[in-house]
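Next come two complexes, and both contain chain A; in the first it sits with chain B, in the second with chain C.
== the complex of A and B ==
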């Protein structure tokens, strides 16, 4: 019978115009992103290498690159880590409260409020850090010093309260709204079916969250955390305002007056008056920040991918 | 261990919408009761009011009385969480936890009850539950695979295994076989026969033969019109309902002369 013949060779590859246009658009968008990223990376590398190889006498810091950048990397990682440790659990808790515990009206108003907070510029957070948080933390730091002073983190306390811990708290507050907003959105998407499956087994609301909501939202939570982390790593103004130190020191003490600084804050404070190889050194430190951000993102993605087939996305 | 259910004058609402009106029905312990009736007449709604799953929907509430072995299900001292641990449920659409392995899915209820178990004990429960649900042979090689990787009918049997693994006193099943082939359906029906000796079972079904095969009692629900609440038209011994129904609507529905 003729009707059961195999389709002509050309048939299978017929493409609808809509498909063609759309795949062309998404391909070019993808390529554009890669080109921009590559451009940034090339700029940082080309401009940064002279800074990395510069002789200590040629730069303002008077140090070769590694000893120069190491305290900054240290400060950046410490500040971002503390900010994440504070902000992630709070963001998840608040998001869960808004999406599943609060009465609908209250949840909605809280949701709006948090979306608004996400739009507050960082200069405002910096001012709040200096003007309000720092002075109010002073007695608390004194208390930490007195009672937990045997721990290396709580050495001699600063008298002004303008410490790396204060800066980290400001960062945590800054990244909280965006992470909360994303988490809330994802928690609300949890399929009703799975929530009911948990409830029908006799789960309390918290157990329902653990059985149905968190596993479902896992990769979304990681994405939210990555966005927050990106902002914490790259934040310049708030940290620069609170700490106002240059390169900073490497110290375990989180509440002292000698603080580590962060890469981003150091660039913001130093760029205006830097000349010659010092500019290159700053750009090179920017390259280091770029690499750190990349590594952290890769790590997070691979954590998510490791249990991909259990993600419930299929 | 099985408990009886005594429903009197129950009205069930979604917000202001009265979905099911004035149901009064006794359900004996260690019996199988089938709910039949046309789509949208409130069978699922009524079933969900028997383990307080109805109230998890925003604005949903009930009026009236449900007694479980004489205890008021909606009394102030009843914790819905404990109620649901005692009264298991299988949903109309399969809903295994997609992020959990098959093994963990079966044990999900057990873990909530926070019983500490030895590995061998847990393995036993998993095997027994999966065998009862007729799924063991198909999944014994891949217990560590995600539950969402199963076919629809397998997922439903996994949900049945999950519900019976905690040995509830009452088991509510909402069209458990609607996605199953005849072989798995007969496995589930055998399971129902077997469970009847220990549990009270309520099953919603659109399959008249199934109702006739598995149930001791049958309850027929119907709608008096579009937008009107569903009502319990009649209930009684399954043989009586099927051979000699009192209401003409029941007879029409059973004989497929409906609508």
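== the complex of A and C ==
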């Protein structure tokens, strides 16, 4: 009677060669991603160490590594910080507008419009910055110099408008979409009952946002801001094109003609002509950038990950 | 014993609702703002000043409100105005970029622009043929590298890992990888290739490797989301028919989520096709057509636009015009890819899922 072969209990299925190959392939693809990430760190370190230890005479800049990289780190941080100061309030405002102020049906399409900003390639941002924004900023900078010149930020104004403030504005536009996307997603996840409870107590719409939305979304806003910060720190081309770098001194003047460059822009502009140990020095500065952005992103993603119901917004 | 207290007469409606601005109030202020901007623009102010005047007039709404409705309502109106103006402010660069690129870039578009390279060209003329070829080859090779890795990794995360610790780490680090600066990816490709080909290596395929580093995490995330949407009942039905797991994945899960995966692939290509920094590092640029990914420098659209702007030669205007033209072509390609992605997901996604 029992001529049919029942699979032995306890074994879920026969391991067919196709199965083994397929699971092997997918496992190795997953592991390969970790290998790539490790590879980025390892190769940059290996190629960067000769640049860090290089004697000042061996590199084009004629400086040892720390004095060489410090103005770049300063420029990177300043540009990213100003971009954040501009972009974070705007991003929160836009996200709130799309999620709670605009009509529901319109909100989706308005979101697409903001996403279009994310699709614009960085070289186009660079061209726009240098061809449109910088010339239009010149009168504004002259005005700042004239009226607020007593502040250290607004020293002698640049005649071309290619200043670190212009670069920061371009950066702010570039990081706006990702921050808006994440903030919007989190605002929309605010429990309906919290909002309705606040409104039922007589809160105006703003008070409802303050009582119900912001407390719920706080960690999300922080991580969105940090992801934006990561983008701003690593953005290359727009800064490289917009910023006019003179001697590259560390200065507080945001609208001058001699600006500290950023790490990424310095690599992009210097790599083609670099030879020997100078290449290694550039790679080492890239390693510094990698470490900074990795830490920022790591922290941001950890905060996002702690909220289990919210899975990645890209 | 008790003096009857007649309550003072109260305006009940005011007590319950408070005074309010007329319902047409906000629209009226907005209209006044637009009118003010139009008048000042006609009187010779530039666009920016006109916009600023409109905004200042719109800020009159909270002032009006504080006079009529009181502080709380006025704060609410103020925030509404601010939030709306944040959106308008964010739209300004978008339209400014589109307008600038289209108006400056469309001047140079012609058949010659697409069919000529820059070989032996000084001054006027020349085109982006070599850059188009380079961009398509490099991005195509990057897609060939990334798509299998990305899709298989996503299959591992969804179908095989069952939430073990390795998969949690992969998922987390993929998220972190999406934030790697593009220039670091370029440096990585250079540091890798320099081991095999010696110092100063420039090679198209290196650019593909660098772009893959940027593309894989985007692909993994989008594919993973799509695979998760496939209902478990489909898998179980397939297993119940005795189909092995790998055939279930290949014949049931992947086809069901195909539209979403294609959308993700298209979006990731759109994302990397405009990347300049890594190609600048490892591929460089050239004036001639180069079809060989493994042999020396190649031009690409973004690097061409960058280089034409940066080193325009003399006289500069022709080169700068070409930079805008290349930027326009690039922008059109990216927008088309985004449009295709949206259309694919709109028309081909399983109907129940929408």
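Convention: the second predicted complex is superposed on the first by the 251 of 314 C-alpha atoms of A that agree within 3 Å, B and C clash if a C-alpha of one lies under 4 Å from a C-alpha of the other, contacts with A are read in each partner's own complex, and residues count from 1 in each chain.
Definition applied: a contact is a pair of C-beta atoms (placed from the backbone, for glycine too) under 8 Å apart; a residue touches a chain by one contact, two chains touch by 3 or more.
Model, not experiment: these values are computed from the prediction.
Asks: Of the two partner chains, chain B (first) and chain C (second), which one does A:26 touch, if any: first, second, both, or neither?
Replies: In the superposition, A:26 contacts chain C only.
Asks: Just chain B (first), just chain C (second), both, or neither: which does A:207 touch?
Replies: In the superposition, A:207 touches chain B and chain C alike.
Asks: Under the stated touch criterion, which partner chain does A:216 make contact with: chain B (first), chain C (second), both, or neither?
Replies: first
Asks: Using the touch criterion from the header, give the chain among chain B and chain C with more contacted residues in chain A.
Replies: C
Asks: Is A:173 in contact with chain B, with chain C, with both, or with neither (first, second, both, neither)?
Replies: In the superposed model, A:173 contacts chain C only, not chain B.
Asks: By the touch definition at the top of the document, which applies to A:231: first (chain B), second (chain C), both, or neither?
Replies: In the superposed model, A:231 contacts chain C only, not chain B.
Asks: Overlap of the chain B and chain C footprints on chain A, residue-wise?
Replies: On chain A, the overlap between the chain B and chain C contacts is residues 204, 207, 311-312, 314.
Asks: With touch defined as at the start, can you tell me which chain A residues reach chain B in the complex?
Replies: Going by the criterion above, the answer is residues 104, 191, 193-204, 207, 211-212, 215-216, 218, 307, 309-312, 314.
Asks: In their complex, what parts of chain B are in touch with chain A?
Replies: Going through chain B, the ones touching chain A are 51, 53, 56, 58, 81-86, 88-89, 91, 93, 95-101, 108-109, 112-113, 145-146, 148-149, 159, 162-163, 166.
Asks: Please give the residue numbers of chain A that touch chain C in the complex, ascending.
Replies: Where chain A meets chain C, its residues are 13, 16, 18-19, 21-23, 25-34, 36-37, 39-40, 43-44, 46-47, 89-90, 92-94, 96-98, 101-102, 110, 113-114, 116-117, 119-128, 130-132, 136, 173, 176, 180, 204-207, 209, 227, 230-231, 233-237, 241, 264, 267-268, 271-272, 275-276, 279, 282-283, 286, 289-290, 293-294, 296-298, 300-301, 304-305, 311-312, 314.
Asks: Across the complex, what residues on chain C touch chain A?
Replies: Chain C reaches chain A through residues 48, 72-73, 75-76, 78-80, 82-87, 89-91, 93-94, 96-97, 100-101, 104, 148-153, 155-157, 159-161, 166-167, 169-170, 172-185, 187-188, 190-192, 194, 199-200, 213, 216-218, 220-222, 225, 244-247, 249-250, 270-271, 273-277, 280-281, 284, 302, 305-306, 309-310, 320, 323-324, 327, 330-331, 334-335, 338.
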